[in-house]
Structures are given as C-alpha cells and as structure tokens.
Amino acid sequence: MSEYIIKNGHVFDPVQGIKGDKKDIAVKDGKIVESVGSGAKVIDASGKTVMAGALEIHAHVAGPKVNAGRWYRPEDKHFDSHKKPGITRIEGGKSIPTVFKTGYEYARMGFTFAMEAAMPPLYARHVHEEIHDTPIIDEAALPVFGNNWFILEYLKNQEIENTAAYIAWVLRQTKGYGVKVVNPGGTEAWAWGLNCLTIHDPVPYFEITPAEIVTGLMAANEYLGLPHSMHIHQNDLGNPGNYKTTIDTLKLAEGVKPKNNFGREQVMHSTHIQFHSYKGTNWGDFESGAKEVMEYVNRQKNLTIDTGNVTLDETTTMTADGPFEHHLHGLNHLKWINVDVELETAAGVVPFIYDPDNAVFASQWAVGLEIPLYAKDPMRCFITTDHPNAGPFTRYPRVYAWLMSQKYRNERLNTFKKADKVIGATNLSGLDREITLYELAQMTRAGPARALGLMKDYGGLKPGMNADIAIYNINPDKFPSDGLAIEKAFANVACLFKDGKICVQEGKIADMGHKKTFWVDAKVKENKQVAHDIKEKFLRYYSINENNYSVPESYAPHQHIISVDATQ
Amino acid sequence: MEKKITLNMITCRTIQQGVGMEAGKTSQKYFDACTIIHMHADDMKKLGVWKNTNVKVTSSVGSVIVKAVETREDLVPGLAHIPMGPWANRIVPAYTYSTGEPCFKGFPVDVEVAANAPIMSSIDVLKDACGLLRK
Amino acid sequence: MNTVTLTVKNAPELFLECENVNTDAFAGKKADQIAKLGAFQGKEITTLGDYFTITGEAGATAADTKIVINGDCTKMKYIGAKMTAGEVVVNSACDMYTGSWMKGGKLVVNGDVHSFCGLAMAGGEFTINGNAGNYLGAAYRGDWRGMSGGVLRVKGNAGSDVATFMTGGEMIIEGNVDIHLGTHMEGGKIILKGNANRRVGGQLVKGEIYVFGSINVMMPGYKPVRDVELEVDGTKAKFTEYLGDLGERHPKRKGETVYGHLYMKQ
Amino acid sequence: MPKDVTDVICPFCGTLCDDLIVTVSDDNKTILGVKNACAIGAEKFNHQRLPGRVTRPRMRQADGTFKEVSYDEAIDWTAKMLVKSRKTLMYGWASTSCQAMSIGHEIAEKVGGIVDNCATVCHGSSLIAIEDVGVPSCTLGEVKNRADRVIFWGCNPAHAHPRHMSRYSIFPRGFFTVKGHKGRKIYCVDCRYTDTAKCADEFIQVQQGYDYELLNAFRTAARGEALPDTVGGVPKEKIIEIVEDLKQARFGIIFFGMGLTHSMGRNHNIDIAINLTRDMNDFTKFAIMAMRGHWNVTGSGQVLGWQYGFPYAVDLSRRDQARHQTGETTSVDLLNRSEVEACFYIATDPGAHFPVDAMISSSRKPTVTIDPHIQCTTEISDLHIPVAMVGVETGGCAYRMDNVPIETRKVVEPPEGMLTDEQLLTRINHRVDELLAKGGA
C-alpha cells in the first residue's frame, strides 16, 4: 500500500487535543503513522481543514423499512436518478438514497463509518445485503430488543444473565453490534393497536413496564461489556409535553456504571432527542423543552445523546416505533407502511413534508439546533438528522452551517412565515453560541467514536489509528462568513482517505475502498435455559426454523469482529 | 341448444397446473392440467357439450382448442376458467390499461363445440401463434 | 413571438425521447443550435437534427417562442413536457408524456396522444384535438400530487385512470372515458361530456366532477342530495348533485366536513 | 448411504416453506425423496433428476432445430446481443437468487437494459397500489400468533400456496391463538367457490370484476353511511354484518391475490383494500398482505429497491439514469409496443405466462433464455442457456411474501459442468466489459 504525507493542513483532532494547528499527517498501510519515507506521496493541505473521518451514530440506511421507503416512493427519485461520470453507479433518491448513493454521499461529506440504527433480527439478512452493497464506508447495525418477547419475559423476572445470554446469541445470529431499544413496550402494545406513552404504562399481556425494560437492558449491556451502550429511542416520541418522559427515562441511568474495555463512558445513548424535547400540551401551545432536557444531560455524565435535526425538507419518516407512524399518518394522511415483526418488533414508514411555513415544523427545527448549542460537553452530543426522519443525512453540511454561524441560522429563523410564533415558542433566538471546528470534530468524530466503543481506531488522527482522514476546503484562518460557503465546503471533501486509500478527491469518487462490516461477538457462559427457550420459541411461534435464522458469513465478506468475554 | 355461447373468461392457477409446470412444460401432467376449460353445468348444457369434449374458445385476440370439463371449484353460469399457461394465454388480450398487467381475468370469449379438433402441445401452441411452427 | 418549425425527416425506429422539444429548451437558440440538442433511443444518443428539419429560430425566452411540429410524431415521447411558457403546436399524434409536468404556456396536439400525458400538469393550457390515452392528468406513480392547475381539454375520448390524484385545475373531456375517473381526487374540476365506464370518483376526497352522459355503474359511496341548475362549460342544464365518496376520509374545514361533489346532468 | 438434508427451503411459491427434508444419494447427485413439501414443491425437487435434462447451451438453427454450443460461445453471443441492442428487455429474476440479480443489474446498467420481474404480470398491480397508498402489513408469524379474523380476497392458497393455510393463516396454533382454527373466523371473497372458500367459515361471492365496488361498500359501511341494496352481488345487510364483525377483531388480516390484481381496475382493487385495512386500524389492529407467487419475486423487488429505488420495471436503457413507469417500462407494454430490440429472459417463462401478442412481438427479436429446463420460451429463443436450479443445486438469498429473507440451500450437485446463474452472469458481465472496452460488439 502507498505511503502518504498530508502536509500543512489545519488539524482538528480532539483525541490529541489539536485545535487547528498546522501539522503533517503520515499514512502507511492503512494506518496513521509517526512518519513515512521520502517516497511518500505528498498531499498539500495548506489552507485546508484536516479531520478524522466522521462517524454516523444513528441513521436508517439499510434494511427492510429503509428499502420499503425507497421503493414505495418512486416520486422521491423521478428525474433525480443519475449516474455521474467515472466509476460510480447510478445514484437515486432524495430522502432515501439508494445504497450506492448512500455510500458515495457519506464519503463525499467525509464520513467513513455509519451505524444502521434499527435492525429487526428476523430481517438481519436483508440489512446485511444492503450493507454489503453500500460502497466505501464501514458499517454496523443495531438489532432491536425493546419489544422482543424473550427480553420481556426475562426482564419481567429481572433475569439479567438470561437477557445477556439471549442478546449475545442474537448478536451472533444477526451479526449485530449492540442493543437498540425503540419505544420500549410500546411497539409490542402496537401489535394490538395500543401504545405505551410513559415509562410506567404496562405492556399488554407481558406485565412489564418500559422503565423495567430499559433498566434491565442497560444492566445486560454492561453485564456483557459491549462496546456501545444501550441505545434508546424513547417512549412518547414527537408529542407535546414529552420532555418529562424523556427526563424520566434518562434518570433510569443514574447510578449505573459503564463496564467495558473500550473507553466508553456512557450507559445510555438517547437518540434524536430533539423529537423528545417538547413542552406544552398540544400543537397550539407547543414549546421547546431543549433547555430542560439539556440541563439534565449536561449534569449526568453517563449519558450521550444525538440531536435529530429537522432540516425543513420533504422526507420519509421511518421507525420501529410502529404506533408513532400510525399517529403521524393520521395527521398528514400520506401513504402509510406498517410491518409488525413476529416476537420482535414493528416498523412504520410515512412520507413527511417539514414545511417551513408551518410554525410547528419551524419550531422543531429550532429545538434541534438548541440541543447542541446547550450541550456543555461536545464529546457527549452528536449531530444527526435521524436520517431520514428529521431530514436526509445529505443535509449535514447545512446543519453544520446553521450551528457554526449565528447569522445564517438567524436569517432562517427570522424569515419564517410564522417567525414570531417560532421565536416565542423556542429559545434559539437568544443563543449566540457558534460551534467551532474543534467542537464539530468532537461532535462528529471523537465523540461518536468513543460512544460506539471504536475510539481505538476511529475518530482521531493519532498514530496507530485508522487512516480515515477528511480534508475540507476550509481555511480556519479565513472561516467563511457565508453559510452557503460553509455548506459547500462540508458537502464535498477536498480529499477523503479511507483505510489509507484516497476514495474521494474534490468531491469525486476515486476508489470504492475496502468496506468492512462490524459486529460484536459476545462470549457468555453456556446457558441451557436460554438455549431451551430459543428452541421452544422457534418450534412454536416463529414462522421460520431456527436453523434458517442466522446470517451466514458470505453476507459480510469483510467482517470485523469485536470480541467481548462475559464469562469471567 | 346453441352453437356458440359467450362467457366471461378468467385464467387462474390450479394446483394441478403448478404440479404440471414443475414436472416440465412439455410433460403430460402439464398438458392435462392446462388444456381444459372449466364451465358451469348449465353452460355446458346450453352449448350441448358433454364432459371431456373439445371446444374452440375465441377471444378478441385469437382462439384455442381445449377440453370442456365440469369444475370442482364451482363457477356461476356465464363464468369460465382456463388454467394459466400457453393455451390460456393464446386468448388473453395483451392490453394492460397502462398498468403492465394484461387482461388475464374478465374478458369475453365465444365457446363452440370442436369435438374433432386436436389440442396442440404447449410448445406448438406458442410456436403456431408466433409463426414458427413447421408443419 | 418567434416560431421554430420542426418537420420530421427520419422516423425513429424505436421510440424517441424528445425531452428537449419544448419552448424552454429552445429559448435563445437558433435552428442549428436546436438541431444539436439531444434526442434518445435507448442508449443511442442522437440529436434532434437527426430526426427533424428545423427552420426558424426561438425567441429569447420560452414565452417568446412558438414551436410547430409537422410530420409523424406517433413514436415521440415528452413533447412539450415541463414547458413553462410559450406555445407548441403538434400537427400529429404523439406518444407518452406529452405536456406532462407542464407549468405554463399553450400546447395543442392536432391528433391523439398516448398514456401519461398532462401528468401532474401545474398550469397552462393543453388541448388535445383527438383522443387521449390512460392516466391523463394523473399523478406520477407514488405521488399524491396529480394535475394541480391549468386547463386540459380533450376533444375526443380519454382512457382509463384519468385525473387520478387530481388536486386542482380543470379538465374537460368532450367524449367518453374508460374505467376510473377522478380516483383519489382532492381538488379541481372535471367535466365529462360523454359517458363513463364505471368507477367515477372512487376514493374522492374533494373537488367536483360534472357528467353530461351516463355512468353505467355508480359507486356505492355516493348519495344524491339535491337538484341544481348550473352553467357548465357554456351549457346551462339541470344536474343532480351527489355527495362524494362517503367511504373516504373527508377533511373538516371550520368544523364542517368537506365532501367531494358529483353532478349528473338530468 | 442416502442422507437427509433438513431445514430445506422450498423454491416454489412466496410462502417459502423452510422445513423440507430432502433425501439425497450418497454421491450428492440425486434426490431420492422429499418430505413436508406440498405436491408442487415435491414435484420441483423430483424434476431435478428427470431424464433428458439439457445440460449445455443450445442455439437455434435456421431450420428451427437446436444445436449444442459451448458455454463460451453462448456467453459471447449473449454479450454481443446485449452490447449491440439499443434497448433490451431483461425480464424474469423471480426464480433466482438475490446475489445473481445483483450481477444482472450491473450488466443492465452497462448495456442499457430494462430490468423487470415477474411481478409485472402478477402483483405489479399491488406494487402500484403500495406506491400510491402504502401498506399496513406484518410477518406471517404475526398472523399465526395473533390473527382472529382472516380474509382471503381473490386468492386461492389451496391451489397456489398449498401450505399457507396450515403454516400461517388458518390452522396453526400460536402464542395468542391457542385454539388454532377454532379461534379464528375465516372469510373468503371470490367470484367462484374455490377450495379455499371451502375452508372458510363464510364465503362471499362477488360478481367477477366488482371487487372495487364491494370494498368501497365495506368502507362506506364502516363509516356508518347508507348503501345501495346490493353491491357486486352482495346484499347490504351482509356487508354491514361483516364490517361489524371485523371491527370486533383483535387482529385481522386480509390476504389477496390475482383475483384483485388481474381483474378490471387492477391496482385500484388493492388500493382500496389497503384503505379498508387502514380504516379498520381506527377500530382495532388490521394488516393486509399480497400472496406473492414466485418464490423470490419479492427478492427481485428488494434488490432493485436498494439499488435503484423502484420495485420492478426499472428502465436503465439510457445507462445514466434509472426510471420506472408501469405501463411504459413494464414487459408486456414494451413488447406490445415493440419498444425494445432484444430480449434477455432469466429464471422465467414468459412464453407460458405472457399473452400471446406480447410473445409474438418477442419472437421477432434476438432472444436469450436462461433457465434450468426446456420450457415454452426456450423453444422460441435464439439461445437457451441451461443453468443449475437455484434452491436445489445451488443456494442464495430469497425473500418470502412478507419480505422476510431466507437463505435457500443447495441439496445436490448440479449436473457435471453446469453453471449457476451467478457464475454465468459473472462471465457475461466480464465479456460485456471486454466488448465495451473494445468499443462495442
């Protein structure tokens, strides 16, 4: 493999605490190294910003509901499905890009890793087929557990060890990465057309509450010592007044200690918290609850969050929160997909238009920006659009620009049709913080890498780490004052290294890289009870045989297995 | 008794057609399963055919010889059924109403007795239509 | 207004995609520049000049441009599609997507058009002096936004699925229509002078359908409410008013439920 | 010693049963027996060892007879046809693996093909309807574990999906459905009294082609509005009685088939059935599912979905864009209008299943058919390339009618020297690359 030396760039690396100093980065054999020989290819990065490759901590980019959203929306890509010159395939889709476009677009923005946020275990093979076809970026997927019958039954009796053994089994069968929870209990209730809106609503039949599910799964996650923490989409998403339930859920982490060998410090990752930070009692008196939620998050060190920024686009919402999608469909009457998955979960899909002329949507936009602006520790607050729910991930450059330029976001805020109402209902107009390039590197690189348990290789530019490097056409000494210029710079990297290979050059895809699929192999003590329960459930309740459940290796030919041992 | 009756035609799968298809498109099983027209007993009486008599079925796009049988799966008078296959498709109108789906179900056909007309094989019925049949 | 005249000199062997035959693409161009615009048959990339003799020159803008097309256009798609202004006259039958996504201007086809014409039309005037195919003025697949504005007039008959998901504008069909007229309609006005073959206004939410002829099978979700005298497209007559598809959701406005309306000439 | 292969997936219909036991000979060459399969599935496995199977490509001669050619010659001929043709129909895919499809799409993107699958004459109408109004659905296990009202509308699983009723929809006992059939009320709506209707508690005979009106009446009744005396031949009292019963369901499901997709109005029949399902979710929990036919037609839609964003009829003929319009880029329309210059069929038999006028048009174009066996289309093609049977002689991913992916199993070796779809397509792809690098055919 070639050697490179990236010279004279302004380096932003939270791992080493480098804040824009000019520093050369050497690359050899896919890794960052102290130095390279004189024959190394020189990349001139003078006047440019150099960061590690970015990590996506929560996006819906592969799997059954993503694909349903793709193919049932031909109108999302009509006249917008083109092949660019060069080695790329046809790229289609605005709100949900095809797998090819997904890989290319992440790479063009400087990303090298993406986490698929919700994998129904029964559909794991499908998720991996899509991951396999997504070029360049490394990926992993989080299986969903919050409404799984095994989990509900074990946790009803607080059987943490059995829960952990079952989780370990699922991770191995599905090539999964960690523990995702979506609307705990509520999605199982949805199988009967019901929901759990607070963390104390009992789950029909199973006699357990969302709070017990969350507490139990956190315990099981730490019992196994997984690289990532329990990752939760909370109850009561998207409703006015839900910030109380949000804080109630976050409080469940109090006193829980992280136990892992990956440097991860949180025990709960609460995702797209924008959707969970609403005050008021209805859409008329709806207000931002971002301040209250972030005050709690700032205090509680064992929590991480991501934002879920509304981008004010026409998009496609999709979540394993089945009852929420039904509710949303009732509001906008657009085409509704629902899939209930036996014993495990559900999912819904509804197109959505965040019309900036609507005061509620504009306020959601403001709430999303308030969250990172209130965040005291950028290492625990990550920027997402909950792609494609609050907007497509391809809008990250615009979100960054809104966060980095008060002028730019105020232009947007003050020109809303219902600006007065939005300003009155939110706190954004009073926030003058502008996120710096260093903070951005924390929120999009070092922070998510640590939260995902990947900080050994990802999120920084320290020798020994992966040579995943994004070079942007941004001169920090002359930081653009124009929001559009910021957007433009983040949309197309000057250069992207992935594993030491140049994959993107001036926004053009140059190489498909060597994409890897990550999964976690957790070793647990032999557990006869769980083995018996699995056999029993497949025999009696699943519609497929146990032997046809697991995802064979051929689906992840370039797998990267992270092993944990919970037998000690 | 009438020389010719008009019926509403539907073409559907049957389990025999499925078995025949998997046995091979040139198998006797496939031939036996698909070269039939299911008719209501009243319609057969009206046309004056006995069970297992060959009839000529004609639609707006062509005709095919098949054997009239009484069905196990009851039809109402006026409705007729030929199992899916090249024989049925010899008379299915290809018009799709711009949906991609031709008129497999619900098109008018004339049925007349053709007791001595032979039924062609699966390949021949297609080749004949395409002008590829060498006599 | 400047006029560009296109005369077919070579008929396409397959179907020709004429997405560049509209006033917006021609605006500001001379005949030789127009001749260099792309035309497509599958993967073969050719130019308009390969199929048409082109005379005259376009105006500076679409609004200043008139296009007249002579010769057989039966196998040409997308003529006048997406045009925003100006005028196009086709003295032939045309294929699919004629006048689709049209936003303004005037398009006249002196012949028949195939399916998917006037798709999601948003403005302008589109007149078909022949028959129209299926999905006239409907939405593109998957979209809930069909014809939303403008006036679309067919002198002859139209096919099936006419005005599906129509949300606005006016459509007049002087002949008959085939199955499914105004399905999922949520606004706008359809005037049918001839007869309809079943399923008129199925799943209709809002909007108005006027039928001068007959509907052979009425949808079960329609309820006659009263007789009214109306002037429709220049004709004064007595109509029976029906309330829209009662099986469908109907939005409320100021506390009142909004229904679709079907008027049958008595 | 013969041995049993267990957990075998049946590559016949969209039910994708995964509990077959296949007995194979010691040398892994011959299937000796099949357990648990329906009559059709068993026949498929048994067909593997029928005498007279073609094992090498065959080229049609001027006199109409076929001559054996090598795979190399066949691959070269196919690649040249694809590279030369300005617009090629590439139809089929429903009986091959997702991995093979992926390679096929790569070829299509290079040569300007229109990729269409068997949904085009099957559940294409359903896909249009889902594009228009979505679909509230579930996996088959949910039906088994929860459903207490099951409606078969215009479908006949007794004939087309023989084990569906016993595995998922009528008879099985599940977690919340311990009484099996006794705890479920089964409705069948059809224009004829099918064998499925005979298993139902209630049969509603609808006049052929009046499903839309009847479904509309169900919705109108559910909203408590007045109805005409009869709709589609069904008295209004019956309609009201059924709707009231459905509202009492804890979990209801509608299964529908070709009775809706093939009849007058096509996609609209499904559209309104989906909307009825949606309405019923205001009262209780309701789902709806298409009874997908071919075992992996769903998979083709999925792969096209993640690669291009459309479920079928994907027009890549311009090579720099993907488009989709049923009625234009669908196989039967392309053939009816003679919009394509060549035909490439894989894992399908349009000769048996397309209306004759479409096949007359097809027979006048250069045609390659890739299929394990002699069938109708192979006999009017210029070239027939036989391949191993997917799901029998080679594995690969398939998607069940509820979109659940299952890896099919290889149970026996294909005949000596025969290529799989994946191997063949990989070689065609390679040959296409060579030709394009040289500047064409």
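Order of writing sets the chain letters: A, B, C and D. Residues in each chain are counted from 1.
One rule holds for everything that comes next: contacts are C-beta pairs under 8 Å (C-beta built on N, C-alpha and C of every residue); 3 or more make two chains touch, one makes a residue touch a chain.
Keep in mind the model is a prediction, meaning the values are calculated, not measured.
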Counting C-beta pairs in contact, does C-D beat A-D or the other way around?
-> A-D
Euclidean distance of C-alpha centroids - chain A vs chain D, Å | 35
Centre-of-Cα separation between chain B and chain A, whole angstrom | 57
Just curious, how far off is chain C from chain B if you go by their C-alpha centres, in Å?
-> 39
Chain C residues counted as touching two or more neighbouring chains = 115-116, 134-135, 140-142, 144, 179
What parts of chain D, by residue number, touch at least two of the other chains?
-> 128, 131-132, 264, 319, 324, 326-328
For chain A, which residues are shared contacts with two or more other chains?
-> 72-74, 76, 78, 334-335
Give every touching pair of chains, nothing left out.
-> A-C, A-D, B-C, B-D, C-D
Counting only contacts in the complex, chain B reaches chain C at residues 97-98
In the complex, chain D touches chain B at residues 12, 38-41, 43-44, 46-47, 50, 63-64, 120-121, 124-125, 128, 156, 158-160, 162, 191-195, 197, 205, 208-209, 258-259, 261-264, 266-267, 293, 313, 326-328, 330-333, 335-336, 349, 351-360, 363, 373-376, 379-380
If you look only at chain B, which of its residues touch chain D in the complex?
-> 8, 10-15, 18-19, 21-26, 61-62, 71-76, 79, 81, 84-86, 89-106, 122-123, 126-127, 129-132, 134
Within the complex, which stretch of chain C touches chain B?
-> 115-116, 133-135, 159-161, 178-179
Which of the residues in chain A end up touching chain D in this complex?
-> 62, 64, 66-68, 70-74, 76-78, 81-83, 89-90, 92-93, 96, 98-100, 122-123, 125-126, 129-130, 133, 149, 190-193, 205, 326, 329, 334-343, 346, 349-350, 540-545, 547-548, 552
